[in-house]
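Below is a structure I'd like to ask you about.
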Amino acid sequence: MSEIIVGFAKMGNIGSAPLIEFILDERAEREDIDVVVVGSGSKILSKQTKKVAQKVIDLKPNFIIMTTPNASLKSPIEAMEIFKESRIPAVVISDSPAKKAKDKIEEMGLGYMIVEADAMIGARKEFLDPVEMGLFNADIIKVLAITGVFNVLSKEIDGIIESIKSNKQLNLPRLIIDRELSVSAANFQNPYAKAKALAAFELAKQVGKLNVEGCFMQKDWKQYTNTVASAHEIMRTAANLADEAREIEKSNDSILRTPHSSQGISLQKRKLIEKPR
Amino acid sequence: MSEIIVGFAKMGNIGSAPLIEFILDERAEREDIDVVVVGSGSKILSKQTKKVAQKVIDLKPNFIIMTTPNASLKSPIEAMEIFKESRIPAVVISDSPAKKAKDKIEEMGLGYMIVEADAMIGARKEFLDPVEMGLFNADIIKVLAITGVFNVLSKEIDGIIESIKSNKQLNLPRLIIDRELSVSAANFQNPYAKAKALAAFELAKQVGKLNVEGCFMQKDWKQYTNTVASAHEIMRTAANLADEAREIEKSNDSILRTPHSSQGISLQKRKLIEKPR
Amino acid sequence: MSEIIVGFAKMGNIGSAPLIEFILDERAEREDIDVVVVGSGSKILSKQTKKVAQKVIDLKPNFIIMTTPNASLKSPIEAMEIFKESRIPAVVISDSPAKKAKDKIEEMGLGYMIVEADAMIGARKEFLDPVEMGLFNADIIKVLAITGVFNVLSKEIDGIIESIKSNKQLNLPRLIIDRELSVSAANFQNPYAKAKALAAFELAKQVGKLNVEGCFMQKDWKQYTNTVASAHEIMRTAANLADEAREIEKSNDSILRTPHSSQGISLQKRKLIEKPR
Amino acid sequence: MSEIIVGFAKMGNIGSAPLIEFILDERAEREDIDVVVVGSGSKILSKQTKKVAQKVIDLKPNFIIMTTPNASLKSPIEAMEIFKESRIPAVVISDSPAKKAKDKIEEMGLGYMIVEADAMIGARKEFLDPVEMGLFNADIIKVLAITGVFNVLSKEIDGIIESIKSNKQLNLPRLIIDRELSVSAANFQNPYAKAKALAAFELAKQVGKLNVEGCFMQKDWKQYTNTVASAHEIMRTAANLADEAREIEKSNDSILRTPHSSQGISLQKRKLIEKPR
Amino acid sequence: MSEIIVGFAKMGNIGSAPLIEFILDERAEREDIDVVVVGSGSKILSKQTKKVAQKVIDLKPNFIIMTTPNASLKSPIEAMEIFKESRIPAVVISDSPAKKAKDKIEEMGLGYMIVEADAMIGARKEFLDPVEMGLFNADIIKVLAITGVFNVLSKEIDGIIESIKSNKQLNLPRLIIDRELSVSAANFQNPYAKAKALAAFELAKQVGKLNVEGCFMQKDWKQYTNTVASAHEIMRTAANLADEAREIEKSNDSILRTPHSSQGISLQKRKLIEKPR
Amino acid sequence: MSEIIVGFAKMGNIGSAPLIEFILDERAEREDIDVVVVGSGSKILSKQTKKVAQKVIDLKPNFIIMTTPNASLKSPIEAMEIFKESRIPAVVISDSPAKKAKDKIEEMGLGYMIVEADAMIGARKEFLDPVEMGLFNADIIKVLAITGVFNVLSKEIDGIIESIKSNKQLNLPRLIIDRELSVSAANFQNPYAKAKALAAFELAKQVGKLNVEGCFMQKDWKQYTNTVASAHEIMRTAANLADEAREIEKSNDSILRTPHSSQGISLQKRKLIEKPR
């Protein structure tokens, strides 16, 4: 069978988005898939979301992964409607506010993965510049990778690819990725590493609440600057806590690694010096 | 004047790439630009690079930023040739091995920014899985953001936009971003923060050398697994060292922030509780 | 005037309780007050709360500070009713669940200070032993002390003493001590120290939510053990973050110190080597 | 048999005191005991110690635990004499200077536990305010809990309860809790965790010596401020070192936990996810 | 005037010894002095100490610095007697047990500098191997350098050189280098850096006591192994605490630097980017 | 057989030098060897190197270990020629620039061990004073000890001693000690500890390159001050990374210890509480 084309439609940014296409093929060795990405940068007005949706369809993917903050907003919904009409299977990855739209997404026939730890950034002009944006993303990526979100995303998208490759019926994932689902996928061997990962996930979730407060509810500029600054401190702390979890696994030589083979199979290993299977 | 369309053509991955479109418009508030992104995922064969190049041109950007590992390879060069023929101005962002191609790129009329700290990842199946890929990127993003690479990229791309907006002649950047250029752009106030940033940049550079050794020169799987594992340890250390630099600036309330205004102007501030200007 | 007797009625334990009498007279030098404490240990059934209430009244304090987890439960309310009948002014210090009782407390004529960061402990037999209990309290004390809760408690109780000493009308405090009230009382000089303190306070608050979940809502013992273990990891992290805040103030020689004089006046100083005034 | 009443008479403060009643019944689940606490706040003049002694006797405990700094001073001795006359068994917990009184205490028929690591606080007005008092206690509690002091206290007091419950003859403990006795009770599995705990205990001991020097022997205010500040730095360091010890045990999933059952039995477990026995 | 020859006679090892000759001429640029070193390795029997003493005299130094553990032992005293007879001025640098010999050293006309923080190593076969020996020395060197011992040594030896150069009468130093003398010489600008340095010095002192206990007083091999292991943990902690002190000074750009000029003058500077004077 | 005399000729300083004689006999218990050391302090002009060489020969060692920075310079070569003529076997220990002289050294019949991690210090007057010199050496000693350099040196020198003792033919070592040779000798049990050690070794190597740049190639004083300051930051980071490696081994109770017996045999042990064999 020829290779599967996975289309990514990136609208605005969430923590799960910047590296998502590389989660599928982390070493550029997979022979069973190819990837196309279209993105709109940070904006998610209708103008951008519709253009991205249309362009990714033009690239004829077998299925589409769409990433967007708050999938319950009007403009991401418009993109989903374009996907619905295209009859190309599509899955939306979004953050906690997207929960409001989950029934609607399901009605449209799309899948979804809502990542509770995928917190909004502290988007206030007094605080957020390109460097601070980079640091927040670095920290959230560390949290998502270690606490199991990357494992869930990898497994679910691989499942879609596998269904298409084997002509099975597609069961698009419809998941709220909460701390237990996520950390369970990370499959820690040491229970304190697991506890730290659960904690890191929760911290990231709380960042989202604080940043919503600081970005949308507080009007006094000194107040909201303090709020978003404290939220980013929490994300930095969460990244460090996740790192502690991973260091514990290193100290036991029990890091779970699940590299993709060139055939697209998710292999497994625990010891650093052993071959994945 | 109508908004400038900035096109991003992402081929494979380097540390500077995943967030580059957000460096321009970190809070989705700029009214002077719009952004389109096309990417190929992790692969950079001709098939991918040419498709990405063509598709981004189809989106009619005013200018193009291309990101690729090792811009001296045949397939990224093919993409550049497509840009050359399109007569759309284009700048290539790449990593140290791209230095070999800098004359060629200049001859084609393109600009370049070669980031010495933008190290190759440890792409060995025994080591690199989706989670490890995420962690490496998180660490390198932290290093690039804090040590000034994001400041250089932001300033140079803003310069192109400004030239187009004001109908000035375009001088595409042709820069090797080494530790002094980069850290100077970060503009630390405390000299030990600066020394730590210089050090972090150097560590990241060294990671590239080790990973090239581990990925291309060592054949024994145990040996190369050790090598790439040690390279990732260095990147983690570099991220921590960069973080130390930033914490020093925090302790002096002297973090430089350069948020974009809605008109696309790069504002400045140092104290957390003050307005950017 | 003769010295004021401050009575403490401690029922069960909350983070604010173990050291509260020492907050008033940290070096045993105050000549204007004396302190009596009666406590029930960890239990808060009616039997204990009523006995503690009665016994502290027997010691004839000028006013009473009562500490209890969840002041909205029946048994602490019974103690408050005893205080009400005694006509000795009383203030209840409690944690977030006490918010449900704040109107009732006010109706009884008592004051209250509800400390949002004063999280419930992870009281599950599979997890909590004497050592873990000690560590949780050590961590929460660190958080409460640094983030300003001790400053609020000190100031409010001193205010009551002062009113009694000067025969002014008593205005018993009725406060929800949230992150902004608390951190504002801590009066950090460096804004990043403040941001870290705000963050630490929020983390502590979240611990309370997780522990309520783990102690009262989850039934599976493996699940709740993971939950309360992760909650304690967060409190440890919060203590470290608070410590970071204080270290920043140390690095600027700007730690606010407010020792009591022997006359009970709250003095102030910032530099380590200067006299308080 | 009816429940045993344990009376706590707290005079002034030492590190072992603030949480001692909770060490017995850390989750408020024991059905075999009840607890009454009477305390004097920070002062230990005769006036306070005698009142506390008398009041705790009034509450008719089966036995009494008295906590006091420097049990060799006249006023704590007065309290012990009251206990002696009451014929209620009593055990004094105190710090290193109490060693001078150990024969006297034994002659009075009381037990004692002298905790060498239970260091005096840096009680100088230029340094010690409510917040610093809280931090010192948080740090010393962490040291005492991890290095085994809590284990010794728990075991010895449980032994008294058990003797009373079973009508056995009472052998009141007469112990100097030094680093070897203490750390042996903590029962570390990893020998480096044990070495770190031994070290932390020694550091805490040294803090006591420095604070005695700073509080009683040095007269120049700048000199003693430096001395007590350095002593608190050591206690902070000791807490961190103890924490390192515990983190090592976490990394091996070998934390010893000894929760009390509802019948008052001290259960044991090592793995986080196992039931205590 | 011709250059001064400084002779170093190193017997056995103490923390102050391995780098002492480089303290005088840290960049090999001094034109006013030359240095000769003779050493015995780790042994300090008469055979070694007398040979070292004789050989260093043969090299015709203007004055001699002798380093030895416990200068009160018979064999180091024998070396001092050789120096006395040679009439070459000599100063002994040693550790705390040397205090017993200070009158004797003075009677012989020699100077001394006894460094209280210069702790004995944990010299037990079950523990101390070449690597552990290296780590202990690395840690103690860090403590001695940061807490001011190196400053005192440098100043005092420079004073001798200066006296000889200017034909002034020699006043050989006779100093007990305790924490206050030492830290005062380090001249910290931030008082918390100073407090941490005082603390680090005290910790190092305590290591000496523990290692004497572990090496000479405890006979059970398991017991003394635990003791010396805990002593080395304290030294590691002391080094980290000293490092914290220096990082605070870095964060304020106030590190005191006192490089020697080529003329042997001790210059001074505080800011990193300024010229020493 | 009588004891072997090992002569050390120390010229200038490198990281391997200050403790090298103690690596052989870390507890002063070996009965099979004695040690003599002659050194020149920091200078390595012909005047010093020739004097040191001559004096060490006068002490009649069975073989000589010479330490020097850059053994390819004229003046160290002169010392080697003196050793060659003396017919006393000699081995030169030096740093990376010495590689240029390795053929020459071999031709002279001497052995060599060139330690790639043994980086040059940042010898600029604006930066390097006695304290900074001490800190750099402390950090590099930590790196060399943990990453295996001390193990290699110990084993090779013991090999020479053994050959002489048993009248076997001498095979003087001729080794470039690179990261793999070194870390392999350290023989870590945990592979992540090994990866961290490999990384630390590489960092130290890079410090040498930066300091050569800062000391010999950069002329602008602000530029070179920044460069050498960043190099020392890297060495501090490398020491911390090496320390992380050792802490992992501690957490697994698998620290390799190789103490010398009194007969000079290198014993081995892994668990802290076991006897070496």
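Note that the chains take the letters A, B, C, D, E and F in the order they are written out, and that residue 1 is the start of every chain.
Just so it is clear, a residue touches a chain if its C-beta (ideal position, glycine included) is under 8 Å from a C-beta of that chain, and two chains touch if they have at least 3 such contacts.
Since this is a predicted model, take the numbers as computed values, not measurements.
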| item | value |
| --- | --- |
| Target subunit F, source subunit B, minimum contact steps | 1 |
| Subunit B and subunit A - chains in contact with each | C, F |
| Chains touching both subunit B and subunit C | A, E |
| Per Cα centroids, the chain farthest from subunit E | A |
| Same-residue or different-residue interface between subunit E and subunit F, half as cut-off | same |
| Pair of chains joined by more contacts [C-beta pairs], C-E or C-D | C-D |
| Distance from the mean Cα position of subunit F to that of subunit A, given in whole angstrom | 49 |
| Chain centre separation in whole Å, for subunit F relative to subunit C (CA means) | 57 |
| In subunit E, residues with contacts to at least two other chains | 191-192, 195, 226, 229, 251-252, 272-273 |
| Pairwise chain contacts, counting only pairs that touch as defined | A-B, A-C, A-D, A-F, B-C, B-E, B-F, C-D, C-E, D-E, D-F, E-F |
| Residues on subunit A engaged by subunit C in the complex (per definition of touch) | 179-180, 191-192, 194-196, 198-199, 202-203, 206, 210, 223, 226-227, 229-234, 237, 240-241 |
| Residues of subunit D touching subunit F in the complex | 190-192, 195, 248, 251-252 |
| Residues of subunit F touching subunit E in the complex | 6, 8, 10, 12-13, 18-19, 21-29, 34-44, 47-48, 51, 55, 59, 123-135, 137-139, 141-142, 144-146, 150-151, 153-154, 186, 221-222, 225-226, 229, 236, 239, 243, 246, 256-261, 267, 269, 272-276 |
| Contacting residues of subunit D [partner subunit A, same complex] | 250-253, 255, 271-273 |
